[in-house]
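Below is one structure, written out as structure tokens; comments come after it.
Letters A, B and C mark the chains as written, and numbering starts fresh at 1 in each.
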Amino acid sequence: MTRKALSQALPLIPSSVMIGVFFLIPFVLILLASVATLTPEGDMAYGFDLSHFERFLSWFYIQRALFSAGMCALIAVLSLLIAFPFTYMLTTFSDRAKKIWLIYILAQLSLSEVLIAFSWQILLSRTAGLGNILEWVGIAEKSFAMAPSAGAVIAALVYLAVPFAVLLLYPALSRMDRSLIEAARTLGTSPLRSFFTIVIPVNRSAIVSSSVTIFVLTLGAIIVPQVLGSPEHWTLSVLITDQAIFNFNLPFASALAVVLLILSASVIGLVMRFSGGEK
Amino acid sequence: MKLLRNSYLALFAIYLVGPILVITAVSFNAKKFLAFPPRGFSFRWYAEIFVANDWFAALMNSLLIAACSAFLAVLVAIPVSYMAWRHGLRYAKALFSLGIAPFILPPVIMALAFLLFFANVGMHGWTINVIIAHAIFLLALPLVTVSLGLESVDMSLIEASQTMGADNATVFRTVILPIAAPFAFAGFAFCFVLSLNEYIIALMTVGFTVETLPIKIFNALRYGYTPVIASIAVVFLVINVLVFSLIAKFSNLSRILGAMD
Amino acid sequence: MSGLEISNVSKHYGAVTAVNDVNLRFNKGEMICFLGPSGCGKTTLLRMIAGLEEPTSGTIHFEGRDLTHVPVHKRNIGMVFQSFALFPHLSVGENIAYSMKIRGHSRAEREDRVRELLDMIHLPGIEDRRISQLSGGQRQRVAIARALALNPEIFLLDEPMSALDANLREAMQIELRKLQQELGITTVVVTHDQTEAMTMADNIVVMGKAKVLQSGKPLDIYKSPVDKFVAGFIGTSNLLPATFSGNGAVGFGATDVKYSAANGSFANGEQVLLMTRPEEIFVHKASETRPENAIEGTVTFVRDIGATIEILVDCNGYEVISVLTPKDDPDVHVGTKVFVEMPPAACSVLAA
């Protein structure tokens, strides 16, 4: 090895060790654990045991996986519908207003899922929530609890996803050539029409990649389904946590994690191919 | 048209800010039970965070873990981004992509992976586990921000400093570092905030030995509500807003978020 | 005294040749312009003098010292970049003092020198400004001051005027030339603007396709370009295809045109180019008597801009431009049949 190559390799050694030992090895361990055997004492014996995947293939878990995928897809669509027009308007705000909104959105986006779940629990509770307001306004006769329910889970997850959607769409929308819209307007297109015929098609690939990211992101939600849903609303991530922490069944948790990994990877791959491989 | 636009914006703002306002209102509640609209006004639930030993300990744990892991992540990221940028090393670029991956995967997968790893090497519930785990999980953030910072160093600036007599070390110290540092700081701040709020990886690495604030909140939720959680939510939001305002002030927020200048 | 010597220098990037076997010698204290279209290798040659690139072969000497393999930070040079490359994180004063600071000069020394340099560039008192607060012209001056802070032996400028407005450019060319003469510093400027080169240089090096095509004093190159490329690049020229006929004349159509200089030796009947400069030829109405050494044509365009009158004439399908002063105004219009008079002293012959 030449001196130059050596001097370039040396500074990378600590980082390589960190990434290799603490990312690659744990990652491989998941794959190994997913085919390990659980001994009667509750320990793991590494081997090649496919029984955890067989267990996954029961209708209960397939149903959970389909439910997870379906709900996350719905959330991706909803959050994008809500966030897209706002992001589009955000790019036209003054620099100051833009900055304030971005800081707030980043702050909310970073807020722990635990705290979001808690907020929505309060919001949907009987004593301190929307129910009270409805009662006060006179729509509902008596305040009522809105959680746990599928609607509560979806509402909170969309709330969780909207700031991400804004930030994912923001770069593309802020770079969009505004003269395209002006050109369309001079050609006699109404503002609303130019939004649908110019803004959306031009940003198609950003929309697609954002929705995929949101899908994967919400697949990872753990607390909201537990706090705001009943067990039939639990997603794969919740089941993995449940198996790992409360049932001490690491091999099965790993097998479910592998399924989750394949599910997210294939959705990413599929949509990217479908959208023509654009970034 | 204008009406449509404004009513949409109003609804969006209510949806986004509304829950936070409700929590804020609840946190100033004077009574032990949760109520909205609040009954009375008091700061007692904020005082509780600092007075009640267990809440304060959890807050300190979280702050310590966030600071250490953010620092570690930036340390790991800098050489990778630098070598990929300055020398275009293929190995450094591969390392870069690898370092991004943990952040893209659903966090529960990484959490489980760390759980398995630390169990296998016999490090049961050490605080350092969650520091390392968060640093790896959030590594993508400093990798990206540091790279953005380095890309904003124009090659001609480096050449200019060389023509004025600077050797490689001086170029790094006097040109590259000062220009890229705010971006490294932004990476640190992003990591800090996300580590502070992270739940599942902390739970699976140190959940039974070290109580971070998100873990404590989740545990508290199982035994009923307390308005302390509302006050913590407000405190966290304030911390987040402060940190991101700092980034916006000292670094180029728009650029970090991928927008045009 | 021998100044800058560039001997057999070539630079290859893989299969691409950026600079091909360049040999140049200049005296100390001269101002030299590398002139050529983009991609001709002029910037690469400048960067090799700076030490930012290493030649694939050949040597570069200054005052007898071999600089070829001296790393850039150990050469005593000052360079102004096309983008100016001012450090955005430093103030004007800190930018100018940069080279002194990393060499460990004291604060007082640096402050004195910065003040002196700011006076020199006629921008006193702007030490504490941010770079972003400066206009393009101010940035250029600051970049020049910064490059000269340590009194370098060689002063290099890469397209220094390209970021400036057209009217500012002309003033800065004159100012830069004056400054260079005052300091007596060996200076190399890269430019693609021939007026800029003519304004400032003691010596012009015309480059094309990685090679030196011609080097010499500006007026020598203007008066006798070696080939049609140089003729077209330095000033405007009329190039007409002609047949060489040996007796001091070439044939353009049926007309014989006498010339005074031939660049190269040609055989009888060989196809050559007849070159004239627009300001050295005249236009007369065809109704007047035919002058000597004249060809016939039809006016296609007249551009009267007051100080000069430019007349475009179509001669046998070739366009000839004549630039006249108002007192020579032949009073012609589009469509007028004319004689284009080409005095033999204005005519030279180039290879086709």
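Observations on the structure shown:
Methods note: a residue touches a chain if its C-beta (ideal position, glycine included) is under 8 Å from a C-beta of that chain, and two chains touch if they have at least 3 such contacts.
No experiment lies behind these values; they were computed from the predicted model shown.
When every chain is reduced to the mean of its C-alpha atoms, the one closest to the centre of the whole protein set is B.
Note: the chain lying farthest from subunit A is C, by mean C-alpha position. Centre-to-centre spacing of subunit B and subunit C amounts to 56 Å, using the average Cα coordinate of each chain. If you average the Cα atoms of subunit A and of subunit C, the two centres end up 61 Å apart. Subunit A and subunit B have CA centres that are 17 Å apart. The set of subunit C residues touching two or more other chains is empty.
Interface residues of subunit B facing subunit A in the complex, by the touch rule stated above, are 1, 5, 8-9, 12, 15-20, 22-23, 26, 33-37, 75-77, 79-80, 82-83, 87, 89, 91-92, 95, 98-99, 101-102, 104-117, 119-120, 132-133, 135-136, 139, 193-194, 196-200, 203-204, 207, 213-214, 217-218, 221, 225, 229-230, 232-233, 236-237, 240-241, 244-245, 248, 253-254, 257-260.
Interface of subunit B with subunit C (complex): residues 154, 156-157, 159-167, 170, 174-175, 178-179. Within the complex formed with subunit B, the subunit A residues making contact are 8-9, 11-12, 14-16, 18-19, 22-27, 29-30, 33, 82, 85-86, 89, 98-99, 102-108, 110-123, 125, 127-129, 132, 159, 162-163, 167, 170-171, 174-175, 191-192, 216-217, 219-220, 222-223, 227, 237, 240-241, 244-245, 250, 253-254, 257, 260-261, 264.
Residues 50-52, 71-75, 77-79, 81-83, 85-89, 98-99, 102-103, 146-147, 149-150, 156 of subunit C are the ones that touch subunit B when the two sit in their complex.
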